[in-house]
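Below, subunit A partners subunit B and then partners subunit C, in two separate complexes.
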Partner chain A sequence: MAGEPLLSVEGLCVEFKGARGIARVLNGVSLSVAAGETLGIVGESGSGKSMTALAVLRLVPDPPGRISAGRVLFRGEDLLQASTPRMRDIRGNKISMIFQEPMTSLNPVFTVGAQICETLTLHLGLRGEAARRRSIELLKDVRIPAAEQRFDEYPHQLSGGMRQRVMIAMAMACEPSLLIADEPTTALDVTVQAQIFDLLREIQKARGMGLILITHDMGAIAEMADRVAVMYGGRVVEEGTTRDVLDHPQHPYTKGLIACVPDLDQEVGERHALTEIPGVVPSVWDLQQGCPFADRCDEAIAPCRTSMPADVVSNGHRVACWQRPGERA
Partner chain B sequence: MALAGFLLRRILYAAGLVLAVLILNFVLIRLAPGDPTETLAGQMGGMTEEIRAELRQAYGLDLPMAQQLVIYVGRILSGDLGYSYFFNLPVTSLILERLPATILLLLASLIVSVVIGTTLGVLASRKPQGLLSQLITVGSVVGYSAPVFWTGMLLVILFASVFPILPVSGIRSAAISQGPWLDMLDVARHLVLPALSLAFVQMAQYSRLTRASMLDVLGADYIRTARAKGLAERTVFFKHALRNAILPVVTIIGLQFGNMLAGAIVVETVFNWPGLGRLAFDSVLRRDYPTLLGLLFFSSFLVIVANQLTDLAYRFVDPRIKTG
Partner chain C sequence: MSAHGTSPPAPQALSPTREAIAMFVRRRAAIAGLVLLALIVGVSLIGPVVYDADPFDIAAAPLTPPGTSEAWLGSDQQGRDVLTGLVYGGRATLAVGATAAGIAVLIGVTIGALAGFFGGIVDEMLMRVAEFFQVLPALLFAMVLATLFSPSLIVIALAIGVVSWPPTARLTRAEFLKLRELDFVAAERVIGASTGRILWKVILPNALPPLIVSATFAIGTAILFEASLSFLGLGDPNRMSWGLMIGSGRSYMLTCWWAVTFPGLMIFLTVLAISLIGDGLNDALNPKLRERR
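Then we have the complex of A and B:
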């Protein structure tokens, strides 16, 4: 990774207040992504992937949620310290996000065109005909057929795949330097998934943009990501180049994840999502002492249950596990 | 084309509904004990059985009910609502004469309750646990549970004796005109209390509904999208959220119209407002069948029109609903 990262998240913690006390949803998440690079984030449901993405843009619902510690450095600027207007200037402009649920992520009462134009007006000051022309261009860029006609349609008139394309077009409106895609294909059928991945890859190449791709699909990671971060229980338990992590997984959880994938050489679309590792993710409400994975881990030893292992880094491959001795940070 | 067909179907449906309401009212009124000739007899200080029989014959009250009904429906179809037993005037002109006062009252309370009610609901949803929100919620529950006549009476007492700054009865102070502007001001002053007491219940309902609907909408995915775009919280709230949250409110406006008409009977009686509501109240006491039936026919017609308009408005504000 050359030079200063585009985005670097350090020790990010997010808490939720609830009837049962305080839930630690993120527990010191650290990761980084450089310009032109794709960082994949994988992990089971509930591991904190979406929360990490939301926290970067400070969109954690507050209350009941709260970012309690950490730094989010975007080109060296700590977004957690930024003013609200500054943050609004970054959202949708410098850093864009697309979500898991294309069916419900667009406002049902406004036309597709109006929703794209809104972003263009907000950040670029484009209005009227200029905004319309640019929106249609953006719709064409994401391969929406009959873009002129789609411009005036409402979200309910489009299929899920088309809606996700609209979301991508909207996210690309201001040519952001970072795109966070939170499971952009989970709700779509397999052929459409492959198309959306192709589209994202192509846009990223063309724009030299940083991409954080959150997914359950190890195959998509293998194909798309330069580096991958594996999350478990609100932590990044392993991180490194995709080759390193997939070929030589260090953390027992990562090994489990990879073992669940039938065959990474299959085409995108023919692969299945992760099958389960026995056991469940610990509840965020339970007070954690040791490694969050200890209860499900075959290799667990005594210290795993009492204290959280620190990160061990060698050759840019980071892992947090008591079974991997080495110089600890 | 689709719209024309849709409208035609709607109109046919509405006509069927009006007819059903008409027949039901007719039967119900005849089932009630008492007879208009008794009232007339009372007013004239008694009458002989022969005269009563003559009157019954004159009004067609001696015929079998089914036959009376057929005659009545036939008359209505030709645009004739009959004659009032009491006023000896055509029911149509009685209604038309009192219609403006009622329309004024209904429109004023509709506007007040929708505007204030939704505004309060929106404010309450901004900080759902905040003090303002709690106050509004309590206020709505009180407003919603208070019967219209009770609110009206309280206002009468308050403004008749404690703060005598607003008139509590009638629609005009002086019978002589003082010029159009002063007259209008005079009517407006008379309108305040009746409109408020009628609006109160509705207001409570709109604010509760708006608050719930806003809270629901604010959790939607597209609100997160709007924030992720970098929109100001104000825009997210008033443009993206309110525009969706208002949809159920629009439906309720139409459904509430019937309730408002019913409330108008009470309010007009309490405040001596010379509209259809008071006419209805008086006609019940007088057993003035033709007037009462005419009023019921007319108000069911109004309610159906209001519902159809709401339906159309809903199609207009919610793009997901297709005509057809």
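Then we have the complex of A and C:
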């Protein structure tokens, strides 16, 4: 881990109230990111990745959702205690976020230029020609050709990759110290995906920005992340440096996820059926005591179904599994 | 697309507004409606200025049929010139129609937007209020309001506006419910925009197309409403309006058809013109409907 954490999330819990009672969507999530570092968060849909991101920005839909416990320390300041105006100042200014769907993340009735200018006006007070100049600079920074022209275009005139670049330009407008990218390339094809990753890496390097990359793509993690947190059922089940986690996965879920990545190197003739993790992510309403993964885990033992294992840490590699009792205190 | 590796020439940037205008202009019925409405509004606005007469004055012998030189379109049972009435009556009718529609849209959009955006208890309460107004017999309620206060044009416009906002509120609520879930609204929160900004500057512009259409039709409905109230004698008796002309001529309808037919025709043409415009706007502003044709 490099230096002081920029953002550290401690024991974050989010609950949703519904017809069937209260569901714990996040259950004691702890994470940290340092400046200049990339933290990857992986997990299947419904494991709580995006909810973690929303909770950090205090954007959990409330009601029905509620952040019920934990701390989100951004440079030592607990965001969960911050006032609403303070939060508005942080969003987009200190912490930015980009979304999965560039097709729908831009407002269709305004030009992309107007939308970038809006952020500049909101946080930096830039207006008119100054805002326009800065926006065009930002568009150039994200490698949009003919930026002056694109400034006056509407989102529907841009391709998916272009729109994601515009989203990144918007997110970068105030030079935030932390960027949360929620599946930024899922909706794009692979070549564009590589370009977007290159761009993110470049910007991160130039600005020493912390990056949280949320994805379900192990390949993207391997390529981008310094450290990785594996989430399942609203918990971080394993966390460590990318190399450690990918090379020596400890949690059965992590092993399963890695096994699911198709291997392009194998002979074309001998095709194997793709590996899969049996079953689906349990609904948040069905989470019982014990490890949320127990029902799908082929290594499950008796305690897995009765209580949640505590985190075991060795050399910065953290895992929560009853099968790893070795270093348990 | 260019095949030479250079960036493709950007397609001509057409704003959604200009695109809609281009679409609207191509619809002949809508243009006909626009021309018709412009004529009616023009005559109503300019007519009284250039044609100086009092619509309540006796201009000819009572019940003069149309076609005479002192009363081209005839006179009613009190000898008032029907043509003068038509020229002067448009102002009140159109003003009340537009104001009432404006009031209905203002109330409807505000209530619908708040209900759709905030949901939950806010939505429940506002929609119960809307239902209360919706289940009241609108004409009856407007009649009560108009009789309670002195029947001036403003009171009548208010009465019509207050009873006719629920459909606009429902439409707005539905649009906001749909739009608030979209990613660009979330993106707006992420950049730190305030709730007020998200409501009126982000979601509302996206909800405008159906609202413009509904506001157009609301004007037509409000004009009919005003005519009904005037017909029932609840309009402003000191201001000539088409509804008032029909109302006062109704007992002589069989002997003096012209006193009710011409103002009726004016109301019909006005509402028709507005409906044609509304239809055209609907086609122009709703791309999904456009594809179906």
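In the analysis below, the second predicted complex is superposed on the first by the 308 of 329 C-alpha atoms of A that agree within 3 Å, B and C clash if a C-alpha of one lies under 4 Å from a C-alpha of the other, contacts with A are read in each partner's own complex, and residues count from 1 in each chain.
Throughout what follows, a residue touches a chain if its C-beta (ideal position, glycine included) is under 8 Å from a C-beta of that chain, and two chains touch if they have at least 3 such contacts.
All figures in this text were calculated on a predicted structure; none of them were measured in a lab.
J.: Fit or clash for subunit B plus subunit C once both are placed on subunit A?
T.: After superposition on subunit A, subunit B vs subunit C: clash.
J.: Where does A:A35 make contact in the superposed view: on subunit B (first), on subunit C (second), on both, or on neither?
T.: A:A35 sits against neither subunit B nor subunit C.
J.: Once the shared chain is lined up, is A:A69 touching subunit B (first), subunit C (second), both, or neither of them?
T.: neither
J.: Look at A:A82 in the shared chain and tell me whether it touches subunit B only, subunit C only, both, or neither; answer first, second, both or neither.
T.: neither
J.: Using the touch definition from the top, say if A:A146 reaches subunit B (first), subunit C (second), both or neither.
T.: So A:A146 only meets subunit C here.
J.: Who contacts more of subunit A, subunit B or subunit C?
T.: Greater contact footprint in residues on subunit A: C.
J.: In the overlay, answer first, second, both or neither for which of subunit B and subunit C A:L124 touches.
T.: neither
J.: In the superposed view, which residues of subunit A touch subunit B and also subunit C?
T.: Subunit A residues touching both partners: 57, 59, 88-93, 96-97, 99, 101, 104-111, 118-119, 122-123, 154, 167, 170.
J.: Which part of subunit A faces subunit B closely enough to touch in the complex?
T.: Answer in residue numbers: 57, 59, 88-93, 96-97, 99, 101, 104-111, 118-119, 122-123, 154, 156, 167, 170.
J.: Would you pull the subunit C residues touching subunit A in the complex into a rising list?
T.: Touch list, subunit C to subunit A: 7, 10-11, 13-16, 120, 182-184, 186-194, 202, 205-206.
J.: Okay, in this complex, where on subunit A does subunit C touch?
T.: 57, 59, 63, 87-93, 96-97, 99-101, 104-111, 118-119, 122-123, 145-146, 149-150, 152-154, 157, 167, 170, 173
J.: Quick one: which bits of subunit B touch subunit A in the complex? Just the residue numbers, please.
T.: 220-222, 224-232, 240, 243-244, 247, 317-320
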